[in-house]
């Protein structure tokens, strides 16, 4: 069999294994069509409305390209029997993502990675039924890859490392859909120089500049797209809105049963997999739209602000100034806004690259560059650019509040005098 | 003021008029973010998940580029006072689109063009409130442009003609997001040669090949993307699903009140503007997901098929063979599928271009190409390619049915013997 | 061995056969770096300065991609032993091109296709020496492919047919370098659906729109780029310049021996292969620059006009009006310009596509589209666009003359009254 | 008047000032068509055969876009009377480049920047005649801009600074033609945020990431494209070939008079502007081709190697090891190759960016980023990436020798033992 999917990032995606095609057509996987890849950022970059479905298809495509290439070119270093498990893990690596995962997880204690494994291994899912057709323990194998517990480090690194099929796709894809050209890098070249080695994956020296460019692209996408202040304003709004609903629920069960039935299991802390799978962006937005008519003024106001995109404003602050925020919150409260629901802190930091640090909490697999003579270098040894980004986290902290507070004299004075409210785009960097 | 929106099709969209910016931030316009531009086609071309919001922003951008250019270069032929009304009409031309408009309109008698005008002129909307700030009759002016009743034909043609800002954006945009390269044409060139003339819009002769390529692109996008059989299968499924719900409603009011409250006004034929605005793709999909658990087996089955994308199969047929479909439907009924809900006919035809025919029902404004000496030609006189497409509709008719019927011997034999079921991609063409 | 060439049209070109690599490094092939692909058109489209070297590399790349694909996917229909001969023929198909071939051939009776075969089969060349390493008769086999005499029609059609590796590359490449976007078509798709059949090459039905778009691209590139009036003005200038030199030679041997030694064998009609290979664009331009100081005023003037790009102007004319050109030439003569060297006729016509006509002088191999059931259609049966271009030649005739003649009253009146001098871009079409 | 040039990097270049159009049509400017932008690198990146003509057109286009934008948007900060001088300087900034300038200048003491000024100010040139039509001192003004002596620093910085119209074009253009995607950056964005300030040019803060990406692109293009080892091998070959000719000349005047007349004035150290203008790539290559038949075996051999691209091999070395090269040269001599002509050292270093250092020999104008409140930052203060590149030169030193020496045991052993011959792509970096 062969099915061809036309799409703009990889042009054509070929599926020629029945298992892969059947996985795509499961309810759990099709559900990803209803969850946006960039969450709230799609409200800022209006071209970037693509779903997790299209990203997962892309990750599968890259994994397939690599494993086909390995099977052909490196019969000694790579075992073709690993192709299917690698491709399945690539396709399914995000299948547990939910609507607005990051915000949702913070409030309701869900964990999309755990859900991913559960979807794969639970005998209640269509995904599991398809995987079991390969062999009874195949679901566990796929889950092991995603949990970094699969015995073959080559497979694990293809799915999850500092330069894996997941990141290769999302950088290109998010760049394509936002229009942020700095996210483009030379995927063709990387796919040509990637190779299996004894303990994992490495890259031939003649592709070192493509790998360097990939790291730089990652850094730029994080700072310019993923950490965009307006997108984080939407996240704060969403968090506060859901928090308000959660807080109101005990006294307003009937109301929420009627307007937002699928959230009840989460409000009551007894949700199961099927409850989780019932949620998606459309369901959530439908609930938010119904809340716009709530009698609780805060719930109604925040729902309205979210749906019509009326954003909080923000200021940057340094860690040392965190305590001063108490005073700002008080001013917000004094102005008649409950600061619990009308302010928020959003810290965004990324470590673009690091070499292997055996004593680190989560040591990273470093990127290895192989010479013609077989010896290898760690990437940052070869690149001044990568070296400048290695081991340093980059990002900033922002405090969000109602836009109208800028017209409040005390608030405004405080913010300006304390040099809080600055446009300086300086990215805060800290050695890890 | 100036706001810049980054996006991939036009790179940067600049908004420097407060009215435009405020229109974008109305509830009615933000709602377009929740309605996909391509409807069910995004299930076939998985990269094409963009919304009507991004398309409307693009149409505004093109209209702004043209009107700025006209104001600068053609002060005698173009009145800069028309800039704002043109840009507003461009931005708002699709504001009345609803979720899955075409299918929905067929079943519930709504009309997205009428809704567009109502949103603009009703004093209940945020859009109207913003427009009235320009002048009391400004909403009517904008609506007149969209209704083709505005006195200045230049403005009308920029918004609605065979080569207008609307089509210029959607061809490029749908091509960008589907990956269908044949939809690309030379917008830069067209924006350079477009010019205002006494009775409308024309194009300088040195851009004739760009205009020719635009018409060819339009033709190809319709045949390859908009008329894709799988996308039409989704539409049939959607139509039948909604028809089933509508038919069930009188006996099951309570059920639908609980699962799909916002559809009730439509089931009961007394919907108002606010009811229409409450619907979007997410709301509809949420309802469909809840119907998956309905006790009515047909409703549940069709909802499941739609949500998990289990498509009907189809055959092409000629108009002359339409009556034979009765026999096919009977076979479907005999196989235990209610053919009312398990079959469907989908005819798709497009007229890529036509010259002005005074006696036609809807005569088209022909595309005029101006020579250096001021004389002008109708486009098809200058282009063999356009001439071959002029005045001829292209498309086909398809009959949809459950995939499993292909395993039914009688059905299968009938289809094959009557040379119904053919892959022939021949596009049916008829002189208009 | 593997050598990788980075380039913008195909991204990376891989060479992994020593014979191919050694052919690239022959003196005869490297010489193609010094001959522009588009000849005089690079003076009009200043971005298009690419050489025949880069085109030949591209044709090789496409042939390699196809033959690798065939070897893998169609082991029954394609013999992998044909790979090398196909790739060599692709690489070398233009190796006999000379500087400004078309103009040069008209004046000196050379024939670049004959030279191509001679370079391949003559034992005096480096190319032949490399090819002989495969087998003694391998040069003859490669030459047979180029001469359409190779027994396997699949190989012949890949190198020379209405949709061959040669055209596939040059349309994309010339489009990339000129910036003429209409020349872009979906090569990836075509390479996916091309397949070997018993008597040649065919294309699967699901790629029919890509093939259609390729034909349309071809048509547009010819009309807009290859037939550009300014580029043809440069060709007329070149032809007249060389004609003047040839005419002067008998009385000025010493002068030409000194300024342009490599042209002597051509002036004297006894050139050999090595003489032909000594010429390239740089050598010719060097000669033209030295002629700028010639004592013969016509030679000096035409050389100066060519080098500094002072072009003749032109008017279009219909075949029926050809005799009136005598009068125009007389006016040019009367104005003091020798019309032999200061006027010229340039007719450019192309047949974009045709089906097989057994009785035609040069019957074309038609493009076959295969259905899933194995039956096949000729392309124009399936495409309204292609059908409109089939069997019709498109182009026009132009008469070139000194620009200053437009200031001559009699000339100017004649031209305008006889509606000669028209900007009408109507392309003349004639059924073949 | 308006003339439009279609090209792929900027799409359309508009010329609407007669002076600019007439400058383009001068003999001196048309000559740039015959000089490749990348010199010998076009033999390595075979797609990159573009000329200095196309680059100069691009620089003009960028300067025009900026000055038009300034005139419109910043009437207080920018004087529109500076538009023409800026555009002329942009167009002509490289008009003095010769064939293989860098190599040629090293051997014959020419200076392309001095020639540029001479072409502009000498009353012998067509360029000067066109410029004088503006005003008698206009040529001097244009020359002053190029010499950094023009009083208005805004104009000077647009033509020559760390982010000027020259670099903006060549990075994009060389990237487009080589296919090296890392050279692409967001020109549209930069042209939107560039603005005139009192003492020069600055960039608005909301474009800081585009400026950052431009610096990174510059760094990558230098390391990967401009410093490519194979391209430098061609330069060494060229240098040694010309050196041999120069050394042979005194004893072989007749030979060189016959084969390479235009080089004589340079051999004899009395060249004038017209002699310089008589040279171009084609003339030089024509001479090299004739030298292939020279009786001097070294001249013939090097000419043959150059024309058929048989490259020297190379090793990298550190400055400290320079003296060891004496031993390597001796081994080359011993093997029968005159090391004067068969070896060479090529050091390539670039300083990607630096801030203003008042005490430096050539202090650089730093890139200023302006905040909304009018205050400004130096670029590296805002960007970790740029900061890592600031004030550090990057590059390496290579020693070139005949490939066959690698088969020489002593040479090979020496090279390997001393860890000379290493593929390590480590770029040597030195704080300035």
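Letters A, B, C and D mark the chains in the order given here, with residues in each chain numbered from 1 onward.
What we mean here is this: a residue touches a chain if its C-beta (ideal position, glycine included) is under 8 Å from a C-beta of that chain, and two chains touch if they have at least 3 such contacts.
Quick caveat, the model's predicted, so the values are computed rather than measured.
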{"item": "Of A-B and A-C, pair with higher C-beta contact tally", "value": "A-B"}
{"item": "Numbering shared by both copies at the chain C-chain B contact, with half separating same from different", "value": "same"}
{"item": "Centroid distance [mean C-alpha coordinates] between chain C and chain A, Å", "value": "51"}
{"item": "Centre-of-Cα separation between chain C and chain B, whole angstrom", "value": "43"}
{"item": "Where chain A and chain B are represented by their mean Cα positions, the distance between them in whole Å", "value": "32"}
{"item": "For chain B, residues that touch 2 or more chains besides their own", "value": "11"}
{"item": "Chain D-facing residues of chain C, complex", "value": "5-9, 11, 25-27, 30, 33-34, 42-43, 45-47, 49-51, 53-54, 57, 176-180, 278, 280-283, 285-286, 289, 307-310"}
{"item": "Sites on chain C touched by chain A in the complex", "value": "4, 11-12, 188-189, 192, 206"}
{"item": "Contact set on chain D toward chain A in their complex", "value": "181-182, 184-186, 205, 208-210, 212-213, 216, 219-220, 223-224, 371-373, 377, 381-385, 387-389, 392, 394, 423-427, 429"}
